[in-house]
């Protein structure tokens, strides 16, 4: 068994005192989380543990114990859940397995809400450069991945949107800080509404000529790109 | 400031024939050309697409070259007389403005943003949109619950976190309220949508029909096919009359009325053979 | 850690050969059983295991592994399932109290109370256009999301209803003013664009204080409303 927690000789199976208490607390937490399909709030676990037990120590021990097993303990925001190990997906997946498909626009709006939250609809539209079509936000709200968070303290008090714990759970994120690339994007100023001070782009002049690896766009290209239907074709 | 797109942003253009409720006239070959903006999510998306086609890193993109490419694209679309959704044209106007700011010396006493500032803003928006695209792709490819990882299949009920035995989400609540209020609003105030003929509609239909008729014919008779529905009658008559005056002015049509409220007669005008500029 | 499988010194974490194969097979069986809604037939497990692995050895190892944990692996006929350890059964609800979903009428009335508070029953009925059954309001009062706020200073002194802090808490609202308005719901696609021009939502009044035409509910009122047995009466 790939048990991660190192055991000192002579300690195994005879752990006493604090260690035994933590083991017992771990059993309780394990049973609680295992029983539920949904993530279990850490607050609930704390209430069920014996008084004076540090829940983080307990969860750490459990997490280590399950790290290499077929089932893993994962954190979802302020809650905990057991989920099957991702590398075994192909064995468990069956024909009935189906997950919600999002349209391209829906996925884009979801990503913008996740990375920019709290974010208003107007801000989403400013980022995408297009009005949000009917049904896009609706579907995200219905999926339970997106929620209305509150209202911005600005003229018109627009509603702000954010993601839910269901979003974290679905995409296997312990917290929003685990969103892929979020630190780099923040560092590059791409999660802000304003052009960052250090933002650089080529000045006109150097840009007027096409670069060596550039071709001018021609009529042919537009057809090729699917922007124009070929000339003379019916329909 | 960058233009704010209008509501119908992602709507694609329909060719004039499709806009009319009657049989499509024969299409001229160039009308068969259509701009497929279906796949694009607005002008910014199109710009990003063009930028990628420069086959360079977005960080090295030339905003000026990009603006010119976009304007070229719009020009080509116009040459083949295609309609584009309004926000594509608004973007074109803004890019033309940007281009002039970049190329012409800045007039004195102008506190507006400089060309460089405007260009930086556009470059920033493109980069940010592309970053979100990539983020979305990375997100969707993560190990997802129900596809790659699975929850306990046979959950046992544990004591609920909250005391309340009731469950409802804010979404449920808002949906219930919105649809209830709307239902009632719709039953108390019924505003039937009216079929309205636009001047352009009327003109197109008249143009097609007058070419075939030599003798004085009552306007009603031209329109008899379209007047069967009483709710359309007033609108059709009004638009057709206004359109007929326009066609008379252009010489495609002659018109006659004996006295007020008498029937209006139409016949082919002296220039009826020429292709009306519809 | 109550790890049952005895580890020989030097073997831990470096198990090789057959032992590693059995560990990997145990991971598969573990994930399969965990994710299944029903006990999993041993025959199915055999099919999912690598060829040549003795399923009994695998299941024995798993069963031992879980023997002292908060969750146990149990045999159900020819199938396998995970169950909460018997001594932790107190964590599991046995009364099977189901989480109840609010009815559609319940949701509507709750929403009307939230937006229109302080609101009387007659006003709720006017907004909905149908009579509200007593049961609906009772359920909402029982949910803890709705409370009687006071009495309207108008003929008949009708009771006014409002929402509770529990309501804000459950629906994740910081304050009543965070409830979205018409434009927001239109933008999110929850409200169709085809509503009359003068269509509007009320701005919910701020919670605690009584409105100018409201009186507090007194002991007398509660008796009169049949919510308290009259004073001094037997039983």
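So that you can tell them apart, the chains are marked A, B and C in the order they are listed, and the count of residues begins at 1 in each.
FYI, a residue touches a chain if its C-beta (ideal position, glycine included) is under 8 Å from a C-beta of that chain, and two chains touch if they have at least 3 such contacts.
Please read these numbers as outputs of a predicted model, since none were measured by experiment.
*Asks:* Can you tell me which chain is nearest the middle of the complex, judged by mean CA position?
*Replies:* A
*Asks:* Considering only C-beta pairs in contact, identify the chain pair with the most of them.
*Replies:* The chain pair sharing the largest number of C-beta contacts is A-B.
*Asks:* Mind checking the centre-to-centre distance between subunit B and subunit C? Centres are C-alpha means, answer in whole Å.
*Replies:* Averaging C-alpha atoms per chain gives centres 44 Å apart.
*Asks:* Report, in whole Å, the distance between the mean C-alpha point of subunit A and the mean C-alpha point of subunit B.
*Replies:* Distance between chain centres: 35 Å.
*Asks:* In whole angstrom, what separates the CA-based centres of subunit A and subunit C?
*Replies:* 23
*Asks:* If you look at subunit C, which of its residues touch at least two other chains?
*Replies:* Within subunit C, residues 31, 34-35, 82, 84, 91-92, 172-173, 180, 190 contact more than one other chain.
*Asks:* At least two other chains touched by the same residue of subunit B: list those residues.
*Replies:* Only 150-153, 156-159, 169-170, 174 qualify.
*Asks:* Of all residues in subunit A, which touch subunit C in the complex?
*Replies:* Touch residues, subunit A against subunit C: 1-5, 7, 9, 12-13, 15, 23, 26-32, 34-35, 48, 61, 65, 68-71, 82, 84-85, 88, 91-92, 121, 132, 134-139, 141, 147-151, 157-159.
*Asks:* Give the list of subunit B residues in touch with subunit C in this complex.
*Replies:* 150-154, 156-160, 162-170, 172-178, 180-182, 184-187, 189, 191
*Asks:* Mind pulling up the subunit C residues that touch subunit B in the complex?
*Replies:* Of all residues in subunit C, those touching subunit B are 31, 34-38, 81-84, 91-93, 96-102, 104, 107-108, 110-112, 114-115, 127-129, 139, 143-145, 166, 170-173, 180, 185, 190-192, 194-196, 199, 201.
*Asks:* Name, in rising order, each residue of subunit A that touches subunit B in their complex.
*Replies:* Listed in rising order, the residues of subunit A that touch subunit B are 32, 34-38, 40-41, 43-44, 81-86, 89, 92-93, 97-99, 102, 104-105, 107-108, 110-112, 114-115, 125-131, 133, 141-142, 144, 147-148, 169-173, 179-181, 185, 188, 190, 195-196, 199-204, 206-208, 210-211, 213-215, 217, 219, 221-222, 225-229, 231-235.
*Asks:* Contact residues on subunit B for subunit A in the complex?
*Replies:* 2, 4-10, 29-30, 32-37, 39, 41-46, 49-50, 53-56, 59-65, 69, 72-73, 76-77, 87, 102-103, 115-116, 119-121, 123-125, 127-129, 131-136, 138-140, 142-153, 155-159, 161, 169-171, 174
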